[in-house]
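Please go over the structures that come below.
What follows is a pair of complexes built around chain A, which joins chain B in one and chain C in the other.
Coming up: the complex of A and B.
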């Protein structure tokens, strides 16, 4: 690194340019994400009046949420569901990402294949969700196929309005967010590393674990964060396909629309955000995701 | 060097991101413009009005007498007295529009389905008007009231379950003078709307809280003076069931408890809307004597009563009674059409959606002692966006009380506030009117409307009022004609078990529902 005066000038000019380039994005992020979240947190400490709030400071809403057994059940269920979706997305997504990142030759082929996974997202989300009804229902395609091949003798009620249907639809909807970061991480890998490992006597599995998997680990972490966060916030899939399944986002919406209790809804939302961030922070300790950027 | 490379890479990525963001933003701007509501088309409309004017002239006739100085003072003072036309009654139902200039009215509420069809009907009648419908849900209406943005639209869809919240709690909305609506006269308005407790004698307090307080500023004192929410139509919600599985006529499905019949275990559904579910089951439990009497009113359970209702429902949920919980009308209809469920609570026109898909459905005819019908009324509120637009806004609201509007609503199963008016009877025609309101059969046998080999129970459950050709001439009901399920209007009114209101203990209802879903 140069330590001359012209070097120091180019560094500070470079830093200024960095901030200039960052400024629009930071401003947008601050105004339209940080500020509203801040308002929600502030309102969660206000007093309740139907259809509004009384500015002040009270912990009664948090106390209500934390001490209520059904809130605890719902929160734990929401976390469990999201972790299950994340794990299954990883299980399905990693082999696909490995195939695209390591086995496919040529960036054009890789890009086209990745675009193929994007096509379901050209259909609007709630339409995609509702479209599962005739597929998973008792008279649906899945039941008919299973009955046709003799796996079941009569239609099963398991596939719709159950935790199974919610999990399955979420996994199919979100595993794409697992594949992309893992593929990008694998593309960063020096392909000669695997050869070198084998030359040095490592078995194929050892070479995979110590080289490929560890290089892809930041991508795995980022993918898990994406899938977990989106699953925690998913309101529509449990509502439409879950039957008796209920998650925390539904409670937030209900408190807003049915009871017009904004402070309590804000308290639910804040707790949801905090729990999500705790899990994200734990995931970030698994690998250094900055390696994906630099 | 080691620091320069990441910085260069970062700058490259950052520049690319900013450029991509600009392109996306510009593209999104134009895409949003393409999808935006159409700009009102400027149309030149020439409308001629004819008025009958009676002229009377008074003349003073001077008789000339032969004098040296004749004085003649003719005085002619013609006075024109225009005939006063009273609109809203026979034969002058419809007043002319207040303007022929292109006029845009913004409506906030539901922007698809039948509300959009009625907007189109109005625009067809008076082509200088355009109604710009915005989809605005309850949360947004509340937010608009709080932030003062309610003045971005002229009228909004309102109902008995919401008016109390928007007016009394949120603020930002104000009442409007009912005398600006020519059709709002006692001879036009149904007695249950004009004075609800006098008709709903089975529970006058329920009528007071459900039908008067949400509609009028000042409640009973403000009746027919200042409206919070113009009462346009009301309905009686009931149980919806498939007679392929529940082989009984509507008169034998007379209780909300039929949803809890273990014969339909795993094939029943209730709504995923807490305030409505509590209202239905509160009515059932109070009216059947299993809990109560209510501390406030059947419409408005207290926290203790809410917990009793939730505990009751939890027992049935744990027994596996409910297959699913439906959040909206389309979803409920899908569940019935796919035959995932055989019985549920339902809104109008869920039964007709099922019939359109070829799946037979009925509404149950509920007894008052088994909960009775869950009623609600739907209407419009006014926000006074622009003073100069108000005559047109009132003109639109008055048209929503017309016979034309009623006739359309009737085919969907709704009952307008003006269903007793002569205008409604003329527009509906005798057959549709008697079928909808007076419990009479159709003039043609059901087999003509629903051909094919099938039992009468199924055939009648496939009859669609929208596709039947209704006679405009008085005729005779056919013994094999279709009888509307849901009984005649007077009987339905007498069996009103509860009226949807904005509950005092909404938070407790939501918390209770959360406990129910988590159980």
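Coming up: the complex of A and C.
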């Protein structure tokens, strides 16, 4: 490195320092993220032996997943559940994000409100799931309130150990991942834009769609990615609250721990990676999310 | 006049909706805290009187003590790894250069790839290599999960003025190390702490990625998951949950204070 007094440094010296700073992170992620994912992809083509694998090349595990009706149902159900959770999170989260991002004044107030939504997330994951039992159970709070109001006449068992309970608990657990990016996107907005739209004679809905919604779109995309990805990987919620409901991650765990069928578990895990990547890439085409982050 | 009134009701409708949702989100937590004091064995109605016996049971439980120590240990270690890698990566990623997007998305794969998939991969690699799983084997997967979140927070919180201050220091003849130590580091110190705390708390709650790599080592989430899936629930579970909430809130308040400091810098 040249030590010129003027402070004018060669471009390559700065570049070199940048790469030195990037190297540890890149190495860490290559070894501990790419290698494990590469490993399960390889293992998913290996033959099965209890508690191990036989090196080789076979498509039998994928064939089993694709041809077995129960595996098909499982895959479709997992994707549908995650998509439903994502859509519902957007539906119930957007108005909240809009309220915090657009209607609240002052950064401190906004931050405090966001933190208020954030805090339940830090309750230990399995405990938080179990804590829904006194709310959703037959003698639970929800049934009592609905009976008190007179909407239902006797306690309903439908609220628990069903697709409903899994979907609802996941939505209420994860919609804050939708709120955060949308609020951040809205913070970037020029507040005079809405006034301009009004001056130009746009109706409230038109102004909302063309100004607010368009500005918030990168936030919506990032939020959808977060919620979808996290829902896809969730396995304690269906395990505790789902009753007969079964999702892909649960099967990965079962195939690994009780069946000790590592190649099949790897095939499931690989499909999970592929499905997630496809959905994320589709979502990233909707809006340019870079502006939101840097 | 009518327009003003409609705008007012519209806003209060949104506010009411937000409040209602917040209420629903907190409902299970309130239920958990309430039933943790149940004298009976039920985690739901009926409530049979006030008791702190379940808390005593938690404090006396040896396995919970071990789990807490393990979780604290791995949390602190993940926090340190997270801080170092997030800061060094973030310092470069805030600049414009070719290939920046690719590198950014590469790090985001830690969030995008399903945790269960790379958790399984890591577990199988360790198994194939004959490595005995321990607390340390959880470090890689925990940090892979936590670093992207810290990086996002860091990149969104970088002060736009920081770059020009650094350039000023450089033009005054300071070398890169001095610029980092005397300009960059003092200005990003709130973010450094937030990165550490986020790394810690994400590791503290991590279950999905831990199942295959921690083996017999108990952390709080693994212990509770084992409890929830094998034994009948007692209010002791809620007592533990309540203690963890109280602890998490302390950490979050610290994060909040430092984020506010960070905002004041901007």
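The rule is short, and it goes like this: the second predicted complex is superposed on the first by the 269 of 294 C-alpha atoms of A that agree within 3 Å, B and C clash if a C-alpha of one lies under 4 Å from a C-alpha of the other, contacts with A are read in each partner's own complex, and residues count from 1 in each chain.
Everything that follows uses one rule, which is that a residue touches a chain if its C-beta (ideal position, glycine included) is under 8 Å from a C-beta of that chain, and two chains touch if they have at least 3 such contacts.
All of these numbers come straight from a predicted model, not from anything done at the bench.
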Inset, instruction - After lining both complexes up on chain A, report clash or fit for chain B versus chain C. - result: clash
Inset, instruction - Would you check which partner chain A:18 touches, where first means chain B only, second means chain C only, and both and neither mean what they say? - result: both
Inset, instruction - Using the superposition described at the top, determine whether chain B or chain C touches more residues of chain A. - result: C
Inset, instruction - Answer with first, second, both or neither: which of chain B and chain C does A:128 touch in the superposed model? - result: second
Inset, instruction - Check whether A:68 is in contact with chain B, with chain C, with both or with neither, and answer first, second, both or neither. - result: first
Inset, instruction - Once the structures are superposed on A, label A:266 by its partner contacts, choosing first (chain B), second (chain C), both or neither. - result: second
Inset, instruction - Return first, second, both or neither, reflecting whether A:78 touches chain B, chain C, both chains, or no partner chain. - result: neither
Inset, instruction - Report for A:89: first if it touches chain B alone, second if chain C alone, otherwise both or neither. - result: neither
Legend entry - Partner chain in contact with A:44 - chain B first, chain C second, else both or neither: neither
Inset, instruction - Look at A:216 in the shared chain and tell me whether it touches chain B only, chain C only, both, or neither; answer first, second, both or neither. - result: neither
Inset, instruction - Return first, second, both or neither, reflecting whether A:237 touches chain B, chain C, both chains, or no partner chain. - result: neither
Inset, instruction - With chain C in view, single out which of the stretches 5-13, 113-121 or 275-283 of chain B clashes with it after superposition. - result: 5-13
Inset, instruction - Take the contacts of chain A with chain B and those with chain C, and give the residues found in both. - result: 17-18, 21-22, 24-25, 130, 133-134, 137, 139-140, 239-240, 256-257, 294
Legend entry - Interfacial residue positions of chain C with respect to chain A in the complex: 11, 14-15, 17-18, 21-22, 24-29, 31-32, 35, 43-46, 81, 84-85, 88-89, 91-95, 97, 101, 103-104, 106-107, 109-125, 140-141, 143-144, 147, 152, 155-156, 158, 170-173, 176, 201, 205, 207-208, 211-212, 220-221, 224-225, 227-229, 233, 237-238, 240-241, 244-245, 248-249, 251-252, 256, 259-260, 263
Inset, instruction - Provide the residue numbers of chain B that touch chain A in the complex, in ascending order. - result: 1-4, 6-7, 9-11, 14-15, 17-18, 21, 137-139, 142, 145-146, 165-166, 169-171, 266, 272-275, 317, 322-325, 327, 331, 334, 338-340, 506-507, 509-511, 513-515, 517-519
Legend entry - Residue numbers on chain A that touch chain C, as the complex places them: 5, 7, 9, 17-18, 21-22, 24-26, 28-29, 31-40, 43, 92, 95-96, 98-100, 103, 107-108, 111-112, 115-120, 122-135, 137, 139-141, 172, 184, 225-226, 229, 232-236, 239-240, 249, 252-253, 256-257, 262, 265-266, 269-270, 272-273, 276-277, 280, 290, 292-294
Inset, instruction - Enumerate the contact residues on chain A facing chain B in the complex. - result: 1, 14, 17-18, 21-22, 24-25, 48-52, 68, 70-71, 73-74, 77, 130, 133-134, 137-140, 157, 160-161, 239-240, 243-246, 250-251, 254-261, 264, 294
